[in-house]
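In the two complexes that follow, chain A is the common piece, with chain B as its partner first and chain C second.
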Partner chain A sequence: MAARLDVQKTYKLFIGGAFPRSESGRTFALLARNGSLIANVAQASRKDLRDAVVAARSAQPGWAARTAYNRGQILYRVAEVMESRRGEFAEDLNRCGVPIASARKEVERAIDRWVWYAGWCDKFHHLAGTVNSVAGPYFNFTMPEPTGVVGIVAPESPGLLGLVSRLAPALVSGNTAVVLTGEASPLTAVSLAEVVATSDVPGGVVNILTGATKEMLPWLLGHRDVNAVDLTGAPNLEAATVAEAAENVKRLIRGEPDDQSPYVIADFCEMKTVWHPVGR
Partner chain B sequence: MADEIEPANLSLTNVTFDLEYAPALESKSIVSIDKEYGLFIGGKFVEPKDGKKFVTVSPSTEEKLSQISSASAADVDRAVKAARKAHTEIWGRMSGRDRAKYLFRIARQLQERAREFAVLESIDGGKPIRESRDVDVPLAAAHFFYHAGWADKLEYAFPDRRIAPKGVVGQIIPWNFPLLMLAWKIAPALATGNTVVLKPAETTPLTALLFAQLLQDVDLPPGVVNIVTGAGATGSALVEHKDVDKLAFTGSTSVGKQIQRSAAARGLPLTLELGGKAAHIVFEDAALDQAVEGVINGIYFNQGHVCCAGSRLLVQESIADSFIDRLKNRMSTLRVGDPLDKNTDVGAINSSEQLGRITALVEAGVAEGAEIYQPSCALPAKGYWFRPTIFTNVQQSHRIAREEIFGPVLSVLTFRTPEEAVAKANDTQYGLSAGIWTEKGSKILWMADQLDAGVIWANTFNQFDPASPFGGYKESGFGREGGLQGLSAYVSLSSPRGAS
Partner chain C sequence: MVTLPRRAGRLEEVSTEVVTPAASAVFAPRSRSGVALRVTPVDEVGLEARARTFTTRSIKTTSKRAAINLAISCIDLTTLEGMDTPGKVAALCRKAVRPDPANPGLPSVAAVCVYPQMVPAAVLHTTGTGVHVASVAGAFPSGQSSMAVRVADIEQAVADGADEIDIVISRGAFLSGDYRYVFNEIEAQKVACGPAHLKVILETGELGSYDQIRKASMLAMAAGADFIKTSTGKVAQNSSMPVALCMAEAIRDYADQTGEIVGLKVAGGIRTAKQAWHYLVLIAETLGTQWLTPDLFRIGASSLLNDLLLQIQKLDTGRYSGPNYVSVD
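This part shows the complex of A and B:
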């Protein structure tokens, strides 16, 4: 009996809920250790980045306006769908060089982390918000709000867990994201995009761009409609590149590639304080 | 053509609304009720040791629905032993992450079978399907979802503390929101690592028993949740059991006091969510159309079988007459009848006993000199029913202004100043909830400051959310359910550094 021939997948970008190729027509060759071709992965351009920011900006008010409970359920749904595609994620990681046993472990941790963050949507206000005892007849409270559109440079390793560790906390409060995946493990990122696309997450909330991070980062940092950039996946940037962020006073976030904490959710938030008089 | 219509013809003042609605019945076919039910102990349905059963009836038809097992003290003991074993061997040692996954499973299955639970709740308890479908069941699922998210995050709820579950908790719930009260009790208990013996009310056991079947479907380890049906004697056996580590009770203030006597004597941790006589305060500067809707919802929601019902309307004197007219007008549009009709606003009274209590208090109101008004709606021939009722000319001393009626009966009083409103509102043994209607924000916050109540609604009423703590001041009980504060009743906290 002849062995069945594989159907190979085209690895494309994820922008506004759709899977376009790069407008530039560029791809890069993802090679296995032995030099054989794994896939031609779309290589995003500056125009793709701008399209992704437009999509993220359009989706942001609607995502933030959903109830925290609703966001929590949608993010939990992402974990449910990830769970059903566990094997695929592990295989993606494995093809990019992670031994299969550690790949499986990483996938399980990534799913559990996603569940963990889903549960924070209607809880992190309990911790990050405060009622402030001001010295006067005023009701005064502070509440976290999403920063807006955030750029995320996914850590090169761990490929899936690192991406989840940075993306999930950004989504919890109602930010939308433009993710640069880099060239090391684009396959899991595209698989995650396919999960997001089929998990009730509105189009544009998550946008994923495969390609050369070094090339894309200056455009991301210089984009005036991006409110924050998570540089966890780009630790050794040139000073001049990072300085671009000052153009519109971007929030720069530097965390750890394998971390979970409500403080990471707060990193992607603004704090709003409201004063209201008390009296008859 | 449209521009030929005279503006006068568009006026609504001359239109009489035809309130005859064709019935829109929710199908019962989604529900299957067994002829009889056992007790849910150790993950299985078992017969009560002495074989005793009682009947649960539909309050809207008086039809016998099923034979329910009556748990004796020996059965309660079996349930507590099963809960102890499950706590020691499995649930008390399980990681928060895995407890969370079980709770998420429960939440999801409740969502998947939501309509079935809603129809069963309306059949067994008499509440309108619109409420069981849109409030009770979705909120119950939301409580499990919310607390699932806490199970693996307790160190953030209680930083700098060593956190341990209480152990085996005994929980007794009322008949007004059977599944929702079950969720309020079970979800935080499981999230924090406790195991449960729960007693549903004897008139509304069916959704709890369906929930027990759901627990089997999600593979919850046996004994983590045990459900013992029965009346007061079953509850007493649970309260008096020597191996229960914590009690939680929702119900009447008189039973709550008995339970506190027993628990206090033994130093047993306890939370109580008891009766209420909420003041619903309407100022002259309120958005009156919205206030009318709020007041109607506040008292007629769930036939007034609501511990936080806005049963005392305090309306500012300057608008009292016109506001009462608006209320009466709105009352005349309420549809009383078949709980499974999607048009129904007010369903059946939960039991003949409760109907008797409501009737007696309403008669006392008339006898004490208050003025009664009821719209002339037709009531079904069979079942337990009570017309929406409003009393005016009520004095603070009247029984209908002081005692919890737990039925569709509103007592109206008036006030002139915010200070007087506060004095009258707080002149009660209860302190569960209060409502404020004014368009002036600073007045809302001043009033909220002054009112002795655990939950204050402003320009809204009867809002519930798992993220928002609920519970009373004074004789409405102690402890909170929901939110960060609701978790603390189910954990023992100690210093991580040990005794100094």
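This part shows the complex of A and C:
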């Protein structure tokens, strides 16, 4: 019997719930440490970024308007589908140089982290929100609200856990996200996109762009329709690049690649304070 | 090899006679200058293929800026809602005169387009600015009223100060073959317009085929339309590239046959700057650049203007802009 032909996966972008190639037609070669080719991956351009922001913006009000309970259900579903594809995630990490035992461990921790954040959807308001005592006859509440469209620069390492640790808390409060994965571990990011696409997450809530972060980050920071950017995956930026974000007073977030805390959810929120007269 | 069985007499069973309604058989419209019109059939496949090619052009930097400025100056900034108020129309007019308050270098739009009841408010806020006031009239958007009512509607709008009138043809009469009625109706409404320009909406989404659209275009032009317009924006199927091309070709052929120049207005569903310059390319390559002026080409739109402004901001600042940086309609 003839040997079976290889069926190679095309690693594409994830924009608005669809998997397009880059508008530019570009790809980059993902190489193993020994220089052998792992895969050709789509290399996003600034126009893909623009399209992703449009998709994220149009999805944001609907995602935020869902009940917190429903967002929790959907995010939990993401974890369920990840669970059924554990082997694939571990293999992706392994192909990018993570030993298989630690790859399996990382996948388990990433799934557990999704579950953990999914549970916070209908709970974090009680932690991040406050009832303030004020010097007057008013009820005074501070409540967290989603910032809007959030750009996320995924940490290079750990490949999957770092991405999950930044993406999941951003989604909890009702933000939509445009993720730049960088060139180090795009395979797990694309696999995660496939999970998101089959987990009841509305199109546009998560958008994932593989490619050169350095090329696209100035466009993301300068984009006037992006409300916040998480720079955890880009720790050593030049001041001039970061200054791009100042023009529209963008919220910049810097955290840890492997962090698990309800306060990370609050990092992606705006705090709104309401004064309400005390009645009789 | 398989031989298909012959069916004797099958051809004879089918009548080859084309049945045409009696009205159209005797009705042969002439242009204003008396030229008898020929309406040739439309090649549907060729038309759609040609229309697709207009969407593949790459327009960048200085050409892009020129295209955006031209598109702005060709817009009929439109609000046609039951909930329109004089206040909303006033805001629309201010935006029409100066689309982006932060950028005084931009041109004004060609006209504001409103319901007849809103014409006085629109006139009040556009006088002396060069922005025209267009009013839909004549039982828009259905056209299902008597001729007398439609004419009175137009006369009132013109008396209130509208200098452009958008009417819609009676699709019911057109589809049942009563072309003479449609012709006479347009003619009467043209008389009612007096000095105002007449734009005739064909409502192409309800005409059924490109042949019908071409026929209606010729009919409207012969009956005195200054502009022919694709759609009201009130039915599911709006303007599209093939429809606009079909009408542009009718305008071109009408001009060839009669020497009379008629304008084109596309309307409905045109929301992005890209769509706008697809239409500009279509006009330039079908009718020639002499049609690329607000006197002969209009785009009926509301949200399109904001997208054009966002594109200008991107060109000016080098940063992608967002809806927070333009006014809410």
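To be clear about the criterion, the second predicted complex is superposed on the first by the 273 of 280 C-alpha atoms of A that agree within 3 Å, B and C clash if a C-alpha of one lies under 4 Å from a C-alpha of the other, contacts with A are read in each partner's own complex, and residues count from 1 in each chain.
Basically, a contact is a pair of C-beta atoms (placed from the backbone, for glycine too) under 8 Å apart; a residue touches a chain by one contact, two chains touch by 3 or more.
Everything numeric in this text was worked out from a predicted model, so none of it was measured.
Aligning the shared chain A places chain B and chain C next to each other free of steric conflict.
Applying the stated contact rule after C-alpha superposition, one finds that A:115 touches chain B and leaves chain C untouched. Look at A:72: by the touch rule set out above, it reaches chain B but stays clear of chain C. More residues of chain A are in touch with B than with the other of chain B and chain C.
Once the two complexes are overlaid on the shared chain, A:64 sits clear of chain B and of chain C alike.
Using the contact criterion defined above for the overlaid structures, shared-chain residue A:126 touches chain B, although it does not reach chain C. Of the two partner chains placed by the overlay, only chain B lies in contact with A:277; chain C stays clear of it. In the superposition on chain A, A:38 contacts neither chain B nor chain C.
Within the superposed three-chain model, A:242 lies out of touch with both chain B and chain C [touch as defined at top]. Of the two partner chains placed by the overlay, only chain B lies in contact with A:139; chain C stays clear of it.
Minimum Cα-Cα distance between chain B and chain C in the superposed model: 12 Å. The interface of chain A with chain B does not overlap its interface with chain C at any residue. The residues of chain A lying in touch with chain B in their complex are 68-69, 72-73, 76, 112, 115-116, 118-123, 125-127, 139, 262, 276-280. Those residues of chain A that touch chain C in the shared complex are 50, 53, 57, 219, 222-226, 244, 247.
Chain contact summary for the complex, chain B toward chain A: residues 97, 100-101, 104, 142, 145-146, 148-150, 152-153, 156-157, 418, 441-443, 445-446, 449, 465-467, 483-484. Residues 318-325 of chain C touch chain A in their complex.
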